[in-house]
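These notes are about the structure you will find just below.
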């Protein structure tokens, strides 16, 4: 089975870069896949990818070596399994607040006896991408990732982190801020938010889990890597268009 | 943030008209949006819109002032949040029978601390439609609407209506009739069904909620407005095609 | 090969009804196919069907006995052949002004030696719909139809009508009116336009061709049938929505 | 209402053939529908059909007499109801392990009072396919089918089989093997798996339910029919492409 | 009819900005439409928009005041007319080398007697966008634009510019450079290319036509406006993603 | 620029295998690309791929080393250029009967000064697939291929074969048979057809062009390779489904 390059990279002690794909556009996914990112995330929650787009985006990413991840819209086993069948090498589930919710995510990512992921046909896309021995090695290769993004999840951190088979905690700083009664800010330096993020990082390290977080600037991304995060999401396709356009829009204003 | 014109209209004491979009066709949505309806509902339950169609339909509706609503297929938080991210100014959830189910719907429509709606990126479509201050005002602007359409829901009426943050009860007369052991009839005058509808209306008024119902004729719609309903669904895109075609079909018959 | 029911109907001395599908929506096509029309036209010129939609609409129509016709956007052999491969039992080409243009249309509809239609694979959709002996009988079954809709075409009427293999002249009254310097009117009674239509009808009858025309009312359609037209297009999917909505819009106005 | 041909076939004592559609491609569905299968299954779990594809595939299948079934991705009432509204004559739900899960499936397939399926508009696709009396007869016509594919489900067999309104148990041998700690094998002859399959068959017969299973060879399919299975899935669209291509690939190898 | 804001802007002596949409993505089109560009061009030649995407993109642009233009893939009347029916307020045709080719473009953009554009149904999208009096005013409102981009076209400049009804010459500097035997360069300062551009500008001014050109930097765009160009294309959606990503890619490199 | 592996293979004296993709389905294209074919052809003429499907199929093929070819529906420069921009490494144009038609095809495949192919943006898909030096090397890398399939083309063989820049003659035996007044047969042994094929092969060899032909059996394909054909199309996706299904259909028949 094609190995998960992120796992090898982490074992070498290197953090990995990630770009978020929110447009749900396979052509954009293919362009992005050629830019040198270590991994790309197809976002089905706040992004526009539905199932058909997600699958086409995974194909587009497979023209390169970038590792494909999928964020599902909600903790729903059917969707998680379909993302994996389509060839995702990691699934990120939002809004996991309890151990039971985490077990549901991890179980959907693992074939029996470790979990309850359903065995698809031998011709599913994951087999094309990963190889014909996919079913034997998938449990050890695909990443089960949950987002920690609420006060409730903070209270249950050790319980969540202790779920066998879980690979990574992903900090959802915006929702976390709101849940803690703080303002939503890009790369927030609010001490209460920072403290929460540090707690997540510590809990993950204690449980020997990988960690990830969103960043809105290269400086913040570097700082987070220095802090010990294994994967940093640096920008998104939509973010690049928006920031690029606002520069051009300034030109447009001056032109009148 | 762009205000919700339905709220203003109701504050002025006016009922609002609504047309149901069941074809799942963005071109039809754009045509309908130019006909003068106060609001349009993209139906993802019995209609054919999936996520991609829904989003394109909301864009099409946004070329006009008609207020866009979405009926989701089921009480599933991921779908409710995606409809709101895509720019819906109200979400209608079918088959709400209990206070817990209602709380799940309303929570998915509200950012913390009122609910658990997840904060998307600053470039989600809702921000294009509503304005850059969307997150601050969304809780007070988007409508959380539940359908009351079973004997069980009737029994739990006060509990459901009492959920904080709920905006409207929508009468689902067909399912309600079946659940009460009565025949499904357009604009039913069955006394048992009428009594149930009156009970829903009364419970809503007592809890200071808005109310809505489906109508299959202009006369019935007028009667429902007179009765106190704040929003009446008068027809659907598919209904217009079906009724128009049956007239033409008669011509076709005569031509043979 | 499945016979073309329109040909049989005409041989029985009966005019045929037709409805125009402009929305490019396979679901609408399936609804319309169940209303009893003798034939349906997928409009790729002024309607919204592209190739993918056209093919899906032909499948939808094939769930019933309605005869499927396609209007192509322009006199382009590749498009005409693809419509036939997809199972159209007639192709309508707009804006045919000369004998050479007409020969190009008819040639694209006929396998050698009558024309230059390319032989597709034995698994094209037309074979599913029509039967495995499609290639042997297609030349005699599928209709080659050209629209006469300019002053120039009127001048070349006999030449156009004389092209071997042509089946039908379709009057394009709107373009014809404009080309003759008259206003575009639904079911026009402008004597210059009427005279032109009569000339087309006469030329067709002389050349033993079938004739068709658009109508915007049932009364006009009956009159055209009485005049000798073999196929009358009575309404369109978009027309039904528009007229139905305008009634509802009146209700909406009154409700304020 | 159009009767369910599978029910009639079973009443005549005949087993039925089934082909699995995993490509999610309406054109392939139409081709397959012309091959003489008794029934076809649109697979939304391990196959690639999403809602839009599923609906288009059901239309394509409706050009023939093949009975359309849909396997949903997960036990989610909204999806089950949408498949039925779109015209499925049977819904297969994967991973049903308990009586409660089975009741949720069956309830979603039945209008009140037998279940809680929501009544759609009178113009839903199912009415086009089945007839205008659909709502009155649907409960007795559409099949509610659950997959038995885990050790847990085996333990709950009698409970699951006893749910009123359930029509069929579908053996999921791959997942079942894995859950029993056995290797996944096509047409497995592993005695532990065979014993489990026999237990499912026996439980179904006792509860007067129909039974179905997947097969990967014609010989195995015949054996399963002889054993008493009412429906055998013989192959899939993707399987035919894969097996055919591997033959051609051998040629390709030799050509170098 | 909704006026063409570009015409008004030019009459006020102001140049207009333009952004090129090559991704063929309606969501990107909607984002871009909110950035303050005077106009947006849907590119069907080198961009990825096909008919369905183009139409959806025009709808998305119509949620704002940006003027929608379409570049067609080739000088083909059917495609030009479909773009206009879909609501384009200007059509750009590539590779126009002769007066006859130019006449074919302009004729396809004008209803009789000025041209041969076919009259669509009264419910085409252009009517929704522009108003019910579209057909009367379209000839004076929609822009007919041809690209001058070959040595041959340079030789025929006066002939091309003299075609009645033509509105604008659009410089295609890349193809022009290649055709003149020069290297393709962004914002080329090659004297032979510059001379050719100046000749096009002069010919346009002499014939009282508007002019446009592509720019790859804000500085060049300002220079072209100063030189007298009426419309400058400053960047593209794909360009913004590519340039933004290359910055991020540098970060990615450093992170390893 | 990524070299064209077919050219290298031919220079090594090896014939190449090809599979025809007629379903227009990107998932099928990805499956096929993993089977070991030297090249795959996306068929836009008799197959179902439109522009959007073609582009997605080229992306899917790019996950492997198979060389992607596209057959366009007709000799239309806009379509040929779009296929190349999307990353096709060869374009096959059907129905080329004269030197002028051949020159139009070849010119559309070559940048100036060899032809008139339009220079796209630096971010077109072909650059992602081929490399950033695409424009400099494309003329020597992408294959210009014309189909010889009529009596008229046979008469003009030397003229057609002599067009500078042409790479290959592709025998279209079905259309050729019909055009010569012979029956359409798979792998025809009709002496008149065989003689015509030999003439095409001879003319190609004389003009130092490559040759290709369709085959319907492995035996015929081997014979054609032995005869000197450089590329043989052995089967199609749809053919594999059809032949595989007919076997299964036999089982289905026996089961009743």
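So that you can tell them apart, the chains are marked A, B, C, D, E and F in the order they are listed, and the count of residues begins at 1 in each.
By our rule, contacts are C-beta pairs under 8 Å (C-beta built on N, C-alpha and C of every residue); 3 or more make two chains touch, one makes a residue touch a chain.
Source: prediction; values computed, not measured.
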Chain A and chain E share contacts with B, F
Where the contacts of chain E and chain F overlap, which chains show up?
A, C
Which chain has its C-alpha centroid at the greatest distance from the C-alpha centroid of chain E?
D
Between the pairs B-D and A-F, the one where more C-beta pairs touch:
B-D
Where the CA atoms of chain D average out and where those of chain E average out, how many Å apart are those spots?
52
Cα centre of chain C to Cα centre of chain E, whole Å, reads 34
In chain D, which residues are in touch with two or more of the other chains?
27, 31, 48, 50, 52, 55, 76, 123, 238-239, 242
Quick one: which chain pairs are touching?
A-B, A-D, A-E, A-F, B-C, B-D, B-E, C-D, C-E, C-F, D-F, E-F
Contacting residues of chain A [partner chain E, same complex]
14-15, 17, 19, 23-25, 27-28, 31-32, 35-38, 48, 218, 221-222, 225, 234-235, 237-246, 248-249, 251-253, 255-256
Touch list for chain E against partner chain B, complex
26-27, 30-31, 34, 55-56, 59-60, 62-63, 123, 125, 128-129
In their shared complex, chain A is touched by residues of chain B numbered 50-52, 55, 76-79, 81-82, 85, 111-113, 116, 118-124, 135
Within the complex, chain A is touched by chain D residues 20, 22, 45-46, 48, 50, 52-53, 72-74, 76, 94-95, 149-150, 172, 174-175, 178-179, 181, 184, 236, 238-239, 242
